[in-house]
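The same subunit A turns up in both complexes below, where it pairs with subunit B and then with subunit C.
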Partner chain A sequence: MGVPVRRFDAVIVGGGGAGLRAALQLSESGLKTAVLSKVFPTRSHTVAAQGGISASLGNVQEDHWEWHMYDTVKGSDWLGDQDAIEYMCRKAPEAVIELEHFGMPFDRLENGKIYQRPFGGHTQHNGKTPVQRACAAADRTGHAMLHTLYQRNVRANTQFFVEWMALDLIRDADGDVVGVTALEMETGEIYIFHAKAVLFATGGAGRIYSASTNAFINTGDGLGMAVRAGLPLEDMEFWQFHPTGVAGAGVLITEGVRGEGGILLNADGERFMERYAPNLKDLAPRDFVSRSMELEVLEGRGCGPHKDYVLLKLDHLGPDIINQRLPGIREIAIKFAGVDPIKDPIPVIPTCHYMMGGIPTNWRGEVVMPKGGDPESRVNGFYAAGECACASVHGANRLGTNSLLDLVVFGKSAGDHMIDYIRGEMPDWKPLPADAAGPSLARIARLDNQTGGEDVAEVRAAMQRTVQSRAGVFRNAANMALGVEEIAAVAERAKFTQIKDKSKVFNTARTEALELDNLIEIAVATLVAADGRKESRGAHAHDDFPHRDDENWMKHSLFFGEGRRMEYKPVHTRPLTVDYIPPKERTF
Partner chain B sequence: MATIRFSIYRYNPEADAKPYMQDYEIELGPKDIKLLDVINKLKAMDDTLSFRRSCREGICGSDAMNINGKNGLACITNVADLSQPVTLRPLPGLPVIRDLIVDMTQFFKQYHSIKPYVINDSPRPERERLQSPEQRKELDGLYECILCACCSTSCPSFWWNPDKFVGPAGLLAAYRFIADTRDEATSERLDNLEDPYRLFRCHTIMNCVDVCPKHLNPTRAIGKIKDLMVKRAI
Partner chain C sequence: MSDFDPVEMKRMRWRSRRGLLELDLVLERFLARRFDTLTGDQLLAYRTLLDLPDTDFLEVVNGKVDLDAPELMEIVDMLRAI
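What follows is the complex of A and B.
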């Protein structure tokens, strides 16, 4: 029984911000392009982004992309690649202006320009004082951006395959990428998408943790597919814990709240961030604020009956600012925390939020891997952008508002380089390998035939508990070593999950089982990579090695699925046009 | 712990000759606050129960369904507020693919039909197009739509003519672009709606306003478009 094949010049997997920005380049270029998304594009998790998108427009205060670059390098704790960081920060103003021209409904200043608010870690004069760099549409910036990009794609007649889930990456004998397999969810049929170039823009994987700001669909499918196809994952030990997830619910309260003047209080009513970060206070970078909050709780100054959260106070901003600039936050606080922030503070805890690691790429969006002595040899035909990619601009800790920027800058860059590649190097399709759909069909058949296995929900919960307890805000060697063992055991169990629903039409039990395969790869990568890194850097806070060790550890980690082994590769210290920013101690 | 009773619309085209209602009973845990929390738990018991969901915070528009007779989002509905048995059905008026999952093709077709993007063919300035805070305010209550379809699928005019009447969500979007000072296609947009069905099938029944989970007001937007039509006629 042959699997039907559909042919496109380019296939994009993902209809979030990164996928849609890339799609626009490709559709407008006239190349035959398919965009696959497992949800209708505007349901992608970019829609949930709240606070803003960074660009040194200087609409409120003096600003320069070089300052933005400095902040991003420092925020990354010197693990970010300085060529990619330069590229992103230099392109930021034009990328945001372009979004405005596309129709994005940014808030405005009195003079009609785009409104900008302060955000953690963004400063003037390389760390001196906070700067208003986050371009915002109220606290719905992601929604405004995603809908605008979707609308622009409607204009460009982009061909979408909505509710099609990509299952596996197809590589030929040379290791080149020639397509993907995908499941049409409505019918349950499997297809092969044969392409000259494939872009992954599949987003994050926060669902490896039990408490996360991420949507249910954030299961890191692109990373799972990459690992199964023999490609490495970069810097997977670095997960960002956002300081202000609603305690108990996990739903995010944007850092923009603190940008607008909100403050964190402990049980004594003390504004404790003044003690940890005398300069930036509540607007220090996220890794730093999250650790400070955890310390407050560990030292007994947490709030509530179990002393396990801190409070985010914003009533002093007054109802006008709250209703105008933070209306969505007020709604979330009322719905998910049961408090109206106009009157009462919101209980918050650090919550898993963002994956700094991902599929290794360069600033062109090309996926790279070690080959024949070159640590960054191009994987022909394969591109990645957005949260699933590691360019690496965020290094060991991402600055708020730099992700939305990453999506549009690298989405566009990847799109442009795909066009060049397809037009310049690929007059024709490379043949599909024999049995290209074999591995996907085997996964489906396994689920159809499995009896007596564990439920998907049960194994998923076991995975989440392991990652949550072994790879949290503070880590230590003994705990991570246990985590590596435990996750290996959970991964074994995942091979035998059982679903009772064996039907074909929109079988969500099946898609959840297939998603679990991806989550497990990422959970394993996270623990193995975390266990491997013997220093503290950015989001990786190692109790047994409390300091950053640039001599031995200023390098990217690479996790390989086969043998679950680690390799390392150098950080790019050479920017494209400006001087190298050498490492310094990170204080705020 | 309280037990809660459900009656849920079930239909699997591969197995069922016709749809039926299935009863469930479930113990509520301390974390089962939103309706979505509870139906996720039901799914862990019975994995054949099918529905869409993603963000679980009312922003993606995936989990719109008919809850005790009224359209809404499961993820922001408090279970404690619902009378029992909690009756869940797919959004009315659209073809059912399976259980609570409907085929939204017609809904999106109508959205696409109003050209949902800023049309501005003037040369692009180097910087942003300026817009005063007051001009920008005109977009509030319009741009926040999450395309959940709660409104259009509660609108009798849309039920009868889903292929001809744009429906509240699409018309709200149409007005979002008319109201945008950066858009230059107002008259083209009005032409596009000047038709006995596309706009004028709205009989101001207001169901749409009543159900919108984002508290938007499509009826007001529709009224403004009608005003513009009238103004243009004289």
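What follows is the complex of A and C.
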């Protein structure tokens, strides 16, 4: 039985900020453009971005894109590619003003210009003094961006396929990308989307961790598809964490709680931060507190049935301080931890927030991979932007408010280069390979016919526990080597997941099983890449190699699914128009 | 239980996946504990709530904002209590 084929000039997978920005560029140029999204586009995870979008507009204080570039290079701990970073920071003012012209309701100064607020890590004069660079729409910047871009896309006649899940990338015999397969959730039918160019804007994969601030939809579908299609993933050892998320939920407890006198306790009731940081104790820097918390868990002093969290004690502050100075914390604790912090401590654990790695791209949004001696040969017809892509602007650690900027700058850049490719190099569609939907149909058939297999939720939980305990914030050689073995065993189990509901229409169990196929590829990549990097840089803090090693390790990692092997490629040290920013010790 | 269209109920289950983790967590519990026992009118009310933008929906669930729609508040109260 033939699989129905739909044909578009461009197909975009993912309806968040990056996907919508790219789609707008393509549709406005007159190309026939489809956006596939698992959920309604304005419910993408971009909606969770509150902090703002940075741009050196200089509306409040003097600012220059070169200073923004310096901060981003330093934040990346010199793993970011300086051509891509220059491109993003140079384009930032134009990108924000464009959003303003699209109707995005930014907060304003009295003179009518966009208001800018301070944000950690953003400075004047290359690190000298803080600068107000973040543009925001109250605490709803991501929400406002999504709505603005969605409306523009409707006007530009972008065709939306809402509640469709992309399953696999289609590459032909030349390795060129010619489309994707996708599942229409409402019918359970599989379609082929035949395209001249495909863009992945599928977001992050924070759900590989048991403690994550990411929404349930953040299952890294684009990365899973890329690995299955033989493409590498870049810098997957780098994940950003917050120290205190509610264990088992992921909702963040502000660091202000410790500022007000909240203390961390292990299973023995010991205030363990006194041991790690005798002076600063619970107010030691964020990374240090996170690693100490995880070390307590790893050494068996965690709390709860799995001994996998520590406790944040507040009750000694008294109800008045808790209610007055920490509004909302009590509600969060009651709702998501099931404890009233006036009486009982809150279970907390370092919580994953952002994925710095992803599908390797350049500043044009083109996906690149090693081929014939070129470490960055273009994969024809394939583009990626946003959190799923690794351009790489965030390097080993992301600066706050640079993620929304990444979405719009590289969404637009990818859109422009897709237009050039489609108009300049692709007068017609390349033929689909025989059996283009074969791998997707086989995966669905495997799920439908599986007997004696394991429950999806159990395997997912095993994966999340492994990634959390072996590739969290505390990392050493022995622990990561164990993690590589353990995740390989979990990946075997994931091949035999079983679902009870075999129905076709809106089968959420099937969707979750397919999402697990993607998550597991990313979990393996994370463990193998982390185990491989013998230095500490940015978010990758290796206890056996506590220093940054520029001589041997100032390079990007590339994980390949086949053989689960690693390769490495150089960091781009040549910006587009300005001088290279050489590495320095990273002090703040 | 109601004679609500079972396909529509499955669609509502999927639409309970949101862009914000806090909503995911609350709606996941609601689906597990309350959803299958809702009446037809309650299901209609829940479907209306699912059409809210995430940021507005979360403010309603957190009790920061009330809706000027008495027919929805029964479900809102369930979500707040869960």
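Simple rule for what comes next: the second predicted complex is superposed on the first by the 481 of 588 C-alpha atoms of A that agree within 3 Å, B and C clash if a C-alpha of one lies under 4 Å from a C-alpha of the other, contacts with A are read in each partner's own complex, and residues count from 1 in each chain.
What we mean here is this: contacts are C-beta pairs under 8 Å (C-beta built on N, C-alpha and C of every residue); 3 or more make two chains touch, one makes a residue touch a chain.
Just so it is clear, the structure is predicted and the values come from calculations on it, not from any experiment.
Asks: Aligned on subunit A, subunit B and subunit C: do they clash or fit?
Replies: Subunit B and subunit C clash in the superposed model.
Asks: Which of the two partners, first being subunit B and second being subunit C, lies in contact with A:N111: first, second, both, or neither?
Replies: Once the two structures are laid over each other on A, A:N111 reaches subunit B alone.
Asks: Tell me the contact category for A:R140 with respect to subunit B and subunit C: first, second, both or neither.
Replies: After superposition on chain A, A:R140 lies in contact with both partners, subunit B and subunit C.
Asks: A:I217 contacts which: subunit B (first), subunit C (second), both, neither?
Replies: In the superposition, A:I217 contacts both subunit B and subunit C.
Asks: On the A-aligned overlay, A:V154 touches which partner chain: subunit B = first, subunit C = second, or both, or neither?
Replies: In the superposed model, A:V154 contacts subunit B only, not subunit C.
Asks: Once the structures are superposed on A, label A:E100 by its partner contacts, choosing first (subunit B), second (subunit C), both or neither.
Replies: first
Asks: Which chain makes contact with more of the residues of subunit A, subunit B or else subunit C?
Replies: Touched residues of subunit A are more numerous for B.
Asks: Return first, second, both or neither, reflecting whether A:A48 touches subunit B, subunit C, both chains, or no partner chain.
Replies: Both: A:A48 reaches subunit B and subunit C.
Asks: Based on the superposed arrangement, let me know which partner A:T511 touches: subunit B (first), subunit C (second), both, or neither?
Replies: second
Asks: Would you indicate which of the stretches 135-143, 189-197 or 207-215 belonging to subunit B has clashing C-alpha atoms with subunit C?
Replies: 207-215
Asks: Go through subunit A and flag every residue that touches subunit B in one model and subunit C in the other.
Replies: 39-40, 42-45, 47-48, 140, 143, 147, 186, 215-217, 251, 331, 335-336, 503, 505-508.
Asks: If you look only at subunit B, which of its residues touch subunit A in the complex?
Replies: Where subunit B meets subunit A, its residues are 12-15, 31, 43-44, 46-48, 50-62, 76, 97-98, 101, 104, 108, 112, 115-118, 120, 124, 126-133, 135-136, 139, 143-144, 146-147, 177, 180, 182-183.
Asks: Spell out the part of subunit A that touches subunit C in their complex, as residue ranges.
Replies: By the definition above, subunit A touches subunit C via 38-40, 42-48, 140, 143, 147, 163, 185-186, 212-217, 249-251, 331, 335-336, 503, 505-508, 511.
Asks: Would you tell me which residues of subunit C are touching subunit A in their complex?
Replies: Checking each residue of subunit C against subunit A gives 7, 10-11, 13-15, 17-26, 28, 53-55, 62.
Asks: Which bits of subunit A are touching subunit B when the two form their complex?
Replies: Residues of subunit A touching subunit B: 39-40, 42-45, 47-48, 97, 100-103, 105-114, 137, 140, 143-144, 147, 151-152, 154-155, 186, 215-217, 248, 251, 328, 331-332, 335-336, 455-457, 499-501, 503-509, 512.
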